[in-house]
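Below are two complexes that have subunit A in common, paired first with subunit B and then with subunit C.
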Partner chain A sequence: MFKQLGYVFNADDCIGCKACEIACKNENQTPAHVRWRRVSKLDTETFLSISCNHCENPECFRVCPERAFTKRSDGIVEIDESRCNGCKLCIEACPYSAPQFNSETQKVSKCQMCYPRQDVGLPPACVEACTTGALGTVDLFQFTDPESIRSLSGFPDIKITNPSIVFYPVKPRTRYFLK
Partner chain B sequence: MNSHFTISSIAQDLLNTSITSIALTIEKLSNHISLEVFLTDQHYQILALSSPSGVSEFTIMAIQQLSASASTPAFQCKIMTLESDKYGFATPITHGNELLGYLFFIQNGESYRLEEYESLLAYTASLFSIKLYQNRELRKEKMKFKEVFLFDILYGNFKQKEEILEYGHIWGWNFAVPNTVAVFSIADFNHISTDQHIINTLLYIAERTLLERNMKPISLKRQNHLVIIFPSEETEQKKHLAQIEDFSGTVLRLLSTQYPERSFSCGIGKTYRNPADLFRSYQEAKVALDLGEIMGIDISFFTDLGLERILYKHDLQDLKEFYTATLGGLQEYDNTNNVDLMNTLESLVTNQFDITATSKALFLHRNTLRYRMKKMEEILDMKLDDLNTKLNILAAFKVKMLRKL
Partner chain C sequence: MKDGIYRNTCPRNCYGTCSMLSYVKNGRLIKVTGDPEHGYSKGRLCAKGYAYTQYVYNQNRLKYPMLQSPRGSGKWKRITWDEAYTIIAEKMIELNERYGSNLPCGYNKFSGNLGLLHYATEGMFNSIGPHTKPIGNPCALTGKVANHRSFGSHFSSIPEDMAGAKLIVLWGANPAVTNVHQMKFIYQARKNGAKLIVIDPVFTQTAAKADIFIQIIPGTDMYLALGIAKLVIKNNRHAREFLESDTEGWNPYRAYLDNELSIDEICHKTGVTMQVLAEISELYGSIKPVVTWAGLGIQRNMYGSKSIKAINSLAAVTGNLFIPNGGLYFMHFNVDDFPCALLNHKGPIHPSVQASRKVDISDFANSALQLSDPPLKLLWIASRNITQDHNFIAWQKLFEQLELIVTVDLYMTKSAENSDLVLPAATHFEEEDLHVGYWHFWLSVNQKAIPPYYEAKSDLQIARELSLKLNELSPGFSNFPADKEPIDWIKEELTPEILDLYSINGYEDLLRRPSKKAKHTIHKQNQKFRLFSPTEMRQNNVRAAEPPSPEKHEYKLITPQSLLKIHSQFESLSWLNKHHDDSYIEISNEAALYHNINNLEKIEVYNRYGQLVGVAKINPYLQKNIILAHQSGNNPINQLIHQQEHLVSADVSTHFYDSTVSIRKWSEAHV
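Take a look at the complex of A and B:
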């Protein structure tokens, strides 16, 4: 009955094209300075695409004085912007910088895992747009893959918040040179 | 063809009564055979009991199977209770391959043979099997609604207090009193192994412990943990917290006896008067649980995690710098001179800088400890009796423990 939807990110496949970030912006019509999904470079060859991780223990949710956050039975954490008073406590509490402050509306908004799309059976816009298939969604209550890992180097500490994201690490590569 | 198909009057009578209630059927059965009869669940917890001698309740400590029937699953057994040992016959109550409970007939001093009762045991077991299965399915259906309601409370989906109070009344829960959330968890949970079964046992033990304390359990099983909402009957917060600690301690103790190879812990959130704020208590309990696991505390209260909580959330690089600035010199001296002054200082901190207690803990002479303290003061270039120094050292050791430096 209950699910915990989460992202799967394959660091080996991500080429840093930012298609996910643009698709997110396009789908949700967010202003230029509000980035629900962000692609960053971890090192010379590795990229990280990150959004709200719809944590099992969301800190944003705990600290909000207006009780603006809720968690759906599928695990998606959403914010009711009409309740937000713009105090930014959630922004400070979130280790992943997921809640984004909109200086025009003076309210916080964040990724809602495209639940209107998911409710009609479509994948989130970022997942659909990913050019290499590096990004996906799974039900973490059912997901098991011994090759997947809980964190990547460069990803914030996952203890306490327990983010709903799993990773596939970069595989070591062998280079061959012609003599 | 002239044949008569007769059903005995006792079978008909029991069948008619079984439609109404389990307790009445047990009473009827006991009257018919003039023996003490009781029904238990699969964990030998008595569900219904009737006795011609008027025994109203007892606690089963253990069941020892003596001999089994060749044709039915019935067996002769010894029932060890807190008061005395009883002898009787029993049969498992099953539905398909699932065990639902046990039915017992107790001998009243005279010697009876299992063969005399096995057909009656088999017949009544099938009657109870239908009833117990129905009850369980009904409970499952009820649980679905209950789970949705508790999920909505714990994830802040109810914004109005009145809504929660109204829904709570359906299950007989009073959310008008202050409530505290406790979360129990199992370390290294793996959902594809048998760990789900352990969580079910955890739920069973927690609910039973609450019922023993005359409290209606408000519980929700999540993937890898169990949530208990603990209502406060005490006006004093101190007493209420002591009650929760006692309850959590009992549950963890019972679990450890059942699964000695696994480790369990519990986190407890703050108490909230408004049930619409219970989601905060739940999140706090989970934070306390996580930090408690790092610090090796079995039962940790969110309110007790002052400095640790702030330090854990602080930037790691900053914390490392603070640790190196405070204790780096001593660590370096230890490494180059192959001594362990860090351990001495850590013990001093654990014993609140009390020289007598520390020397006892380390099996050292007081003067040796004083000499080491002087040496440490020289290395660190700080006075160990200064309150600010003490605070810095204490914080540095907390950083070391929390961030595994």
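Take a look at the complex of A and C:
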């Protein structure tokens, strides 16, 4: 592998606007229940925007009986939907709910990190849509920043698959609530 | 329509007025993106913007003109456009014969689409001579009038300049939800060392991002702004020279703060402690440049006008009003620079009726009911869902009086359900238009990118065709210039003065990129800044009712914008909103305890105007006497909102946040 493309998510900069989530739907025209990217709340003040993490050790890849998953040389985990038999083993195995079952096609699909866009030099649709720059992509083989962290409180265990995502935490703030 | 990329502009009533690029293939909109040439949104949209393919090709969209008889029965029949125009034209002509003028015909149009060509509705009514028309602005009029008092004109600083501020203070504004593109300028400032302060009764998504969040009792912003100013002056941190020579009312303002307003009173009224007041005063007084943003939320209650003036005055006292990267933000009305030829279209003169009748849109139904000679008989609803108004009881009465209700909309809204006729409206991708923002200073076009969805038509096309039908049945009834094409109307807006203001040579330039108003033309001082006047405080002091409380079984109802809707728009898009999203009612810990209500339990919110069932969500940060509900078209919370008549006047917007409600556990017995 020459690269490991991954996401950088800055929880302090994320305002929870969901533009990334819907920009993904706009780009890929997925039905409402097929959510390749999702914005949720880890706690009352921390948003998480998450998709497939293109793990170093993808569980989907390991469990799929049809060998529908492949890992590209840039680290992107792809799924070939035509090979999917709808067994949902990958859905059970993935700690991040990345594979999404489409009840209309009876097949699984997931975030492919907009590789057709990346192949022509464009950022993934979600990254392009992020108005505060909270979401980005990096080559994790090259990336070092002592301020970044590997996980956020409330994020699923990263030991199993080594997800290709790094974080910046929420900074403490001053609040004066009414007594 | 050719395949390719078209330039559109999101026409929603929103700060963004985002230019967007529309990707069209085989006559179909396949995706949208932001426009990198738009200097405010910088190539990005919001979640709602990215959902536009679903908005256009939504199975709930209206496809054909439809007639419902009887009204409210749900028995709809598809009719042709010609039949629809005939029904409307015949009614207008008959009413004219019955009453001798077109005064029985009126419309209620507001902000569903803010494109300049959507003034076609106004133009169409103007074209039949004196009629009944709405005036005012239910959303922002209070602030607009208050700003005129302060500045002599509308005033709002340049959004991109916020990136250079060192302190940013948001009063009742929640850009993380309602103005997402502004957040990047705020963050840019913060990366350069600026602090963000949010003052709000509600712990909003923006409040969660603030360096300092100050929770305040709703409606008391005026006291906090005056209190901060008092301490800034006391500590000798005020802009003495500017205040003495360039403002009006400095001496009485200062005397009032020094002698009549005590710190104790400020803390008591606002709920903010003395220490916090001192801390924020220190920041306001010692840092430059400071941005002050008076949000629309400030002026949704009866104290709105005074609060806006007091906040404006604070920006003046600290010497930040007119310095680079400082300033005062509200919204602007630069649309007034344009000819607005459709809005100002001159209709025929009536032999005896001098002018149209004006009805205050912030209390439309109630005001319209007062009209008797002649009564209002035909109502045209466009770019408007009346479930976002208040005083539903008056609306119901008005409906009963009306002989024909026509609604132009994209969806079967509650307004449409209450109509005799619905006419399917085009989305902005299916029509041409021109857009000027009310927050940023960019001008952009909207190209027709795709053919109309089924039989949908633009407001302009409807105006053209209805006027032809009117004249066919009664020659000379309308003087609407039906032969003018959309492009003619757009070019008419681009006068030499406008071209100069926006540094463009013509329409074609706007097809290449949006254009920003030249900086030196944005604010022209034509009077001295007027400080908050204490006489107003003394003479016109609205006596505050005792604040509501759980013990008294009363709560203040606050209904801010939610992230994935604008009022009732976008509600039926499955990418954005699940059906149940509407009905969450946020309550405080104290209210939950008092009424023994569990999280996610079904509750009723009610007052004497109506009742509504929702799902309780306990919000630990909510003040104990506030109920927070989301606006909705399907299950409209506004049915509980009723502005008292003695507080309605021609220069205020609707006091949407001044209503009181009660709650209880839901029980079948109450149904």
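Assume the second predicted complex is superposed on the first by the 172 of 179 C-alpha atoms of A that agree within 3 Å, B and C clash if a C-alpha of one lies under 4 Å from a C-alpha of the other, contacts with A are read in each partner's own complex, and residues count from 1 in each chain.
Criterion: a contact is a pair of C-beta atoms (placed from the backbone, for glycine too) under 8 Å apart; a residue touches a chain by one contact, two chains touch by 3 or more.
Owing to the predicted nature of the structure, the values given are computational and were not obtained by experimental measurement.
Under the clash rule set out above, the superposition-derived model of subunit A with subunit B and subunit C shows the two partners fitting side by side.
In the superposition on chain A, contact is made by A:62 with subunit B only, not with subunit C. Within the superposed three-chain model, A:70 lies in touch with subunit B and out of touch with subunit C [touch as defined at top].
Applying the stated contact rule after C-alpha superposition, one finds that A:159 touches subunit B and leaves subunit C untouched.
Once chain A of one complex is fitted onto chain A of the other, the partner contacts of A:177 are limited to subunit C, with no touch recorded for subunit B. For subunit A, the partner touching the most residues, choosing from subunit B and subunit C, is C. Rounded to the nearest 10, the angle made at the CA centre of subunit A by the CA centres of subunit B and subunit C in the overlaid structures is 160 degrees.
Once the two complexes are overlaid on the shared chain, A:141 sits against subunit B while remaining clear of subunit C.
Shared-chain residue A:129: touches subunit C; no touch with subunit B. Least inter-chain distance for subunit B and subunit C in the combined superposition, rounded to the nearest angstrom, is 22, based on C-alpha atoms. Shared contact residues of subunit A with subunit B and subunit C: none. Every residue of subunit C that touches subunit A in the complex is listed here, in rising order: 30-34, 41-54, 176-177, 180-181, 183-184, 187, 203, 205-217, 271-273, 276, 563-564, 574-576, 620-621, 623. Listing the residues of subunit A that touch subunit B in their complex gives 1-2, 4, 56-59, 61-62, 67, 69-71, 73, 95, 141-142, 144, 157, 159-160, 162.
Against subunit C, the residues of subunit A that register as touching in their complex are 13, 15-19, 21-23, 25-27, 29, 31-32, 44-45, 128-133, 173-179. Partner subunit A is touched in their complex by these residues of subunit B: 144, 147-148, 151, 155-157, 159, 191-192, 222-223, 276-277, 279-280, 283-284, 286-287, 290-291, 294, 312-313, 316.
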